[in-house]
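Beneath this line is the structure, given in structure tokens, with notes to follow.
So that you can tell them apart, the chains are marked A, B, C and D in the order they are listed, and the count of residues begins at 1 in each.
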Amino acid sequence: MDAIILQVLNGLDKGSAYALIALGLTLIFGTLGVVNFAHGALFMLGAFCAVTLSRLLAISHETADPTRTDFLGNPLKVQTPYVEEWFGPEIGGTIVEWSVPLGILFAIPIMIAVGLAMERGLIRYFYKRPHADQILVTFGLAIVLQEVIKYFFGANPIPTPAPPALVGSLDFGVMIGFDPGSIIYPYWRLIYFVFAAILIAAVFAFLQFTTFGMVVRAGMADRETVGLLGIDIDKRFTIMFAIAAVVAGLAGVMYAPINSPNYHMGMDFLVLSFVVVVVGGMGSLGGAVLAGFLLGVLESFASMPQVTNVVPGINQIVIYLVAIIILLTRPRGLLGRKGVME
Amino acid sequence: MGILEVKNVNKSFGGLKALREVNLDVAEGSVHAIIGPNGAGKSTLLNTLIAKLTPDTGSVTFDGRPLIGMTPHQINQIGVARVFQTPEIFGELSLLENVMIPAFARRDGAFGLHAWNQVVAERDIRDRAMSLLADLKLDGKAHVEAQHLSRGDKRRLELAMCLVQEPKLLLLDEPTAGMSRADTNRTIELLKEIAKRGITMVVIEHDMHVVFSLAQKISVLAQGAIIAEDLPENIKGNPKVQEAYLGGAHL
Amino acid sequence: MLGLNKKDTSLFLIVVALTVFAPFILNPFPVGSDLAQFNAGYPDLMQRFLIFGIFAIGFNILFGLTGYLSFGHAAFLGVGSYAGVWMMKLLTMNVVPAILVSVVVAGLFSLLVGWISLRRSGIYFSILTLAFAQMSFALAYSVLTPITGGETGLQLSLSDPRVFGVSATPQGSIPLTNFFGLEMRDSAELALGGWLFTFNAGYYLCAVLMLAAFYVAIRIFRSPFGMMLKAVKSNQQRMQYTGLNPKPYTLAAFVISGMYAGLAGGLMVSMDPLAGAERMFWTASGEVVLMTILGGAGTLIGPVLGAGFIKYMENIVSKINEGILHTWFGFLPDGLEDFVVAVFYPFVGKGWHLTLGIMFMLVVIFLPGGIVEGGQRIARLFRRRPARAHERSVGAPSSSAAE
Amino acid sequence: MNKLTINRRGLIKSTAVVGAGLAMPHIFTRRANAFTNEPTGSTVTLGFNVPQTGPYADEGLDQLRAYQLAVEHLNGEGDGGMLNTFSSKALSGNGILGKKVAYVTGDTQTKSDAARASARSMIEKDGAVMITGGSSSGVAVAVQALCQEAGVIFMAGLTHANDTTGKDKKANGFRHFFNSYMSGAALAPVLETAYGTDRNAYYLTADYNWGYTTEQAIREATEAMGWNTVETVLTPLAATDFSSYIAPVLNSDADVLVLVHYGGNMVNSLTNAVQFGLRERQKNGKQFEIVVPLYSELMAKGAGANIKGIFGSQNWDWKLENMLGDRYVGTNAFVRSFGEKYGFPPSQAAHTGYVQAILYADAVERAGSFNPCAVAEALEGFEFDGLGNGPTLYRADDHQCFKDVVVVKGKENPEDEFDLVEIVEVTPTEQVTYAPDHPQFAGGELGSCNPGA
């Protein structure tokens, strides 16, 4: 039982990453009709916003310490971050440690700028082009973004820890009557889940309760008609693209402490998030979120030893197997609309 | 016994009853028009005939065979062809190819591989397609991509695609909608020609000029039900029909 | 000629000429010159051009004609490769049975995958094919290691129980792949002045099969069958109401393109008898999609050009290192030399992906029809503007989708 | 029928000049050389085939740096590095057999297909007589088989699976790096001292060949000293989040977690394990421990603080000579020349690459020929010292190097960014040596050397 609760938590946690990426992907699909293969790269850029900020905060003042030597036998150069010099070691140290949460503030303007630049500079010329062309151009863009990051940060994963106060784990089991230590869950993963839930809710609320959102939803349903009503739908779609970029970016920032960011993390998620979007059903935001959580939970269950001992290799293929079954039984995925990219 | 019989067909979408207890009996070789106000269920009725929609209850038989349960291509294979309200053509293909494809379908059935036959070698099919295009004055554009045609030309192309199959029954959904008066008249002449070849036609039409020039029998559909079925001259005076159309305005 | 019309015949003859003389064309620079780096006329790469050309031609029969975008085609290539290696392990080192079995096995596998995946269309179809391919990759890499060799790939060993042939040569080596005794690695070389040209047996076997595959593709494009496939892409609804069942057509196209992939896989292991699981990974499926779009989807020659382009980048640009840049720009003054090298360095060697990404974007932005369109634009510059309508009427009946 | 030659660019480069003068076409149809790519000009070309793209790119690039350094030293440039400490004095800084060393580079992409394509282009186009490098066993095994076929020597780079010199060994292939068995044999005594003999181990194993052989090696070694294996779970290569594999550990009886992962997989699984509080956990009255059999500096860097106190094994470490003295002579010489050129200490991937290049050159020099068969003979049974690992034997039976294995753990308080691991102990050669027919290495034959042509 405790094992199952743990896997449900894991599933929800994995699912929130899938859901966040898939949500942005499907927003872009739905509003702009663009197959965005660079969406994973946006997620990766978000994570590197956190990395960049932690690097920026750690920009240091170098002093040579003659009592110690470096690997070549020269005096060791000691690095003191400027923030520590300015605010004192205590506060300065804390600022450096809190670089990931601060990364959220840092990432929002950057992701907006990236999103706007991408849409205005490139994507908008591809609205009327075949999906194949969109795939080629966004895939090319994804490679370019990835290589640029690799050029500056290398291929190795970069550890980006959560603030020390949020490291460690919560003994969940005790709270619901299990033995201590049987269901413990890392704080940061819980935070990630809550953060994802808030972000998803915010996007839905925005689309549901604002006039802006109403127009966008109308545009998703029938772009031409809304255009005929004299509404500048293009401008709103540009903003939607930026929002999708921010959602992906924030998902990336918060993900950085869970797994050290590397330049290809976007590609690793890309295929999965496409599967999630399609299983959820094209053009359905709710479907994308639902499928994200569903696949996350199923993947977690499939990786339990009790399962893999019975069906070896099931953990390798469970997501794809489930995707096939769902698509064969429900032609348009879980909540898909008719006629979208069929 | 007509060639096409529709019996007690019902179809509803959610709570909306689109067709209720519709009966239709189309005599072989006749032109049968279906008229009615917007939203009366005319297109829905046509769609149930070609398996685009499945009726909830009721039966449709063509030439003595039940149509319900057949796939669209099977229905076509037994001799039913349809012209749509918005022309359904192969936009990226040339006019000639557009007409050759149904000709192949007619000759070889639903699936013929012919991977090895060069198109140019299929002389007879090609020649028939060309002559039909010539009949419809489209031969000059035989190698133009169909999507570049005018709306009227697209309709005529679609008609050609149906005619090349020499169907027993031709379903026409507003064949003259959006056409100029001159084009409409030309189409009427064309359809009369076709009728002379003995092809049964079911026509949905708004333009009463067209209806009364062509139809031998008219069914009037209102709110999903047939409210009248009669000869054209009798329909004009039918008060129920006048009632259905704009609350009694004259036709 | 050969049942092709005049335009197709000339295209085919050009491709024949290019293929036969590729060892000359691809080695334009003398050995030892600075630019010899750009020579691509060595057996491995020339074989790869043709093998991936076959793969892309086959993919284009499905994608270019019917518009169904399969994102799992690499699985058929992989399955074909495994089948080919197993034939060599168990039967004979002659490549003929290996290639035949590769084609058949890939055909059967694509029949299964196509049968299921073609129940859906559009992106739903793409994801179904992707799912099958990813499952194939994941299982081949892990659980199926006894059959597929897993991480290290399936390879020959000195103890293979070969029915026709020996397990090991008298010298104690694994026998080489051959075509009735002609070893695939055999080459003749021609030194002409400073130039050196290599004529490789394996290359010419690939060439024969590639030309056959290309010829078959032309015939399919021009046949009524090809016309039906274009009709599937254009308007499935009309196709149905015209009395045609689109499913058998799409399935046939799917299986044909799966068999092309199998042929490519079989040839790949015939040239180099090792089958790695990575060739089934989604990026490999993505690569053939990119090759086709890059070259020009729906055109006859485009996919081959796209395949050549990507393989050239992968094999030539990735080998340019800093040292080579310094030799090239050595004539510049020192400071300037370092600067120029620093500018170019991120784009070559370890940065070849960056160049590839940029090229993808440039091609799709400026040449919506792919490389073929680039060729047409250049050709147009050299011709006096012919009336387009006239050109159409004298061209092939289905010229709309070819070229 | 005639046996045709395969490419021989080296020959052509020299004859091209003459050929140009004569302007006479030559057609080579017969074997003109004794072996593949016999260098006849004034240079000899080596092929450095490393991952330059993909997850192991940093490791590959570090290896490439070491190769470039080796080339400098072989050609008598720079400070000579380990040539000064190497026990064999055959090399004199004038290239190899008097020929200047040139090199070509390629990208393996950590894919066996791409690696073979790259190696083939080096052999066919550039006339390389030796291929070296790589950062995974899959690639090593694939390229080794290719070199055997083509008739060139393969000096393996970073490859740790038993198979490379076990079931997939080849006469033309040589491995300096240690292997799974050695990791197990080296770690077991250290783990016994640190964690005792009464332990329940839980294995998370990468689901591919290297994972299988390493898990087997560690299990056999630890079970022999009394540990109990409670569960082994295979994890997909493509996995990025290991939480669902870590969580069941909490509900098991295990008090040790062994992460048989490499590269990004290891960084993520370790990070996840630490997140779930496994480091602070008490189980069966003991402190819970994590072990990572194969370590590397880059992985330690990627895992950051999570690596602190975690045991693992390494082929070599740049601090060896400083910590443990003269036995590991060569280490400091190499670190100095590498560090001064590039500004940071070399990784073990760089070290093994450098050593392999030097060993190859030395073998050629001693054999007096580039002929792969002669080189192989010179390497087989070769005993040497002064290359940083202490006395080492290149065993003739399987072409595996036998030397001390370094057991390390993540450093608690690093002095600087390069100081990530500390050396716990060095397990001496005798303890990690095994019989050539050991079951973990069974199946497969070396075959006989192939000179190509």
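Note that contacts are C-beta pairs under 8 Å (C-beta built on N, C-alpha and C of every residue); 3 or more make two chains touch, one makes a residue touch a chain.
What you see is a predicted model, and the numbers here were worked out from it, not measured in a lab.
**Student:** Common contacts of chain A and chain C?
**Tutor:** D
**Student:** Which chain is in the middle, if each chain's centre is the mean of its C-alpha atoms?
**Tutor:** When every chain is reduced to its C-alpha mean, the one closest to the whole-protein mean is C.
**Student:** Roughly how many whole angstrom separate the Cα centroids of chain B and chain D?
**Tutor:** So the centre of chain B lies 74 Å away from the centre of chain D.
**Student:** Cα centroid separation between chain B and chain C, in whole Å?
**Tutor:** Chain centres of chain B and chain C, defined by C-alpha means, are spaced 46 Å apart.
**Student:** What is the distance, in whole Å, between the centres of chain A and chain D, each centre taken as the mean of its C-alpha atoms?
**Tutor:** 35
**Student:** Give, as an integer number of Å, the spacing between the C-alpha centres of chain B and chain A.
**Tutor:** Centre-to-centre distance between chain A and chain B: 52 Å.
**Student:** Could you check chain B for residues that touch two or more other chains and list them?
**Tutor:** none
**Student:** Any chance you could list the residues of chain A touching two or more other chains?
**Tutor:** Each of 312-313, 316 in chain A touches at least two other chains.
**Student:** Can you list the chain D residues in contact with two or more other chains?
**Tutor:** As it turns out, chain D has residues touching two or more other chains at 53, 57, 207, 234, 236, 238.
**Student:** If you go through all the chains, which pairs of them touch?
**Tutor:** In this structure, the chains touch in these pairs: A-C, A-D, B-C, C-D.
**Student:** What does chain D use to touch chain A in their complex?
**Tutor:** Checking each residue of chain D against chain A gives 53-58, 207, 231, 233-236, 238, 240-241, 243-245, 247-248, 250-251, 264, 267-268, 271-272, 275-277, 280-282, 298, 301-306, 318-319, 335-336, 339-340, 344-345, 415-416, 418-419.
**Student:** Chain A touches which residues of chain C in the complex?
**Tutor:** 63, 69, 116, 119-124, 126-128, 130-132, 134-135, 138-139, 142-143, 282, 286, 289-290, 293-294, 297, 346, 351, 353-354, 356-361, 363-365, 368
**Student:** Where on chain C does chain D make contact in their complex?
**Tutor:** 30-32, 39, 42-45, 48, 138, 141-143, 145, 150-153, 155-159, 168, 171-174, 176, 181-183, 185-194, 196, 198, 201, 272, 274, 276, 278-279, 314-315, 318-319, 321, 323, 349-350, 352-353
**Student:** Quick one: in the complex, what on chain D touches chain C?
**Tutor:** Residue list for chain D touching chain C: 1, 3-9, 12-13, 15-17, 19-20, 23, 25-29, 52-53, 57, 61, 68, 103-107, 111-114, 116-118, 120-121, 124-125, 136-138, 141-142, 145-146, 148-150, 163, 168, 171, 207-210, 212, 234, 236-238, 444-445, 447-448, 450.
**Student:** Quick check: in the complex, which residue numbers of chain A touch chain D?
**Tutor:** 2-3, 6-7, 9-11, 13-14, 17, 68, 70-72, 76-77, 150, 154-159, 161, 167-169, 181-186, 188-189, 258-260, 262, 264-265, 268-269, 299-301, 303-305, 308, 312-313, 315-316
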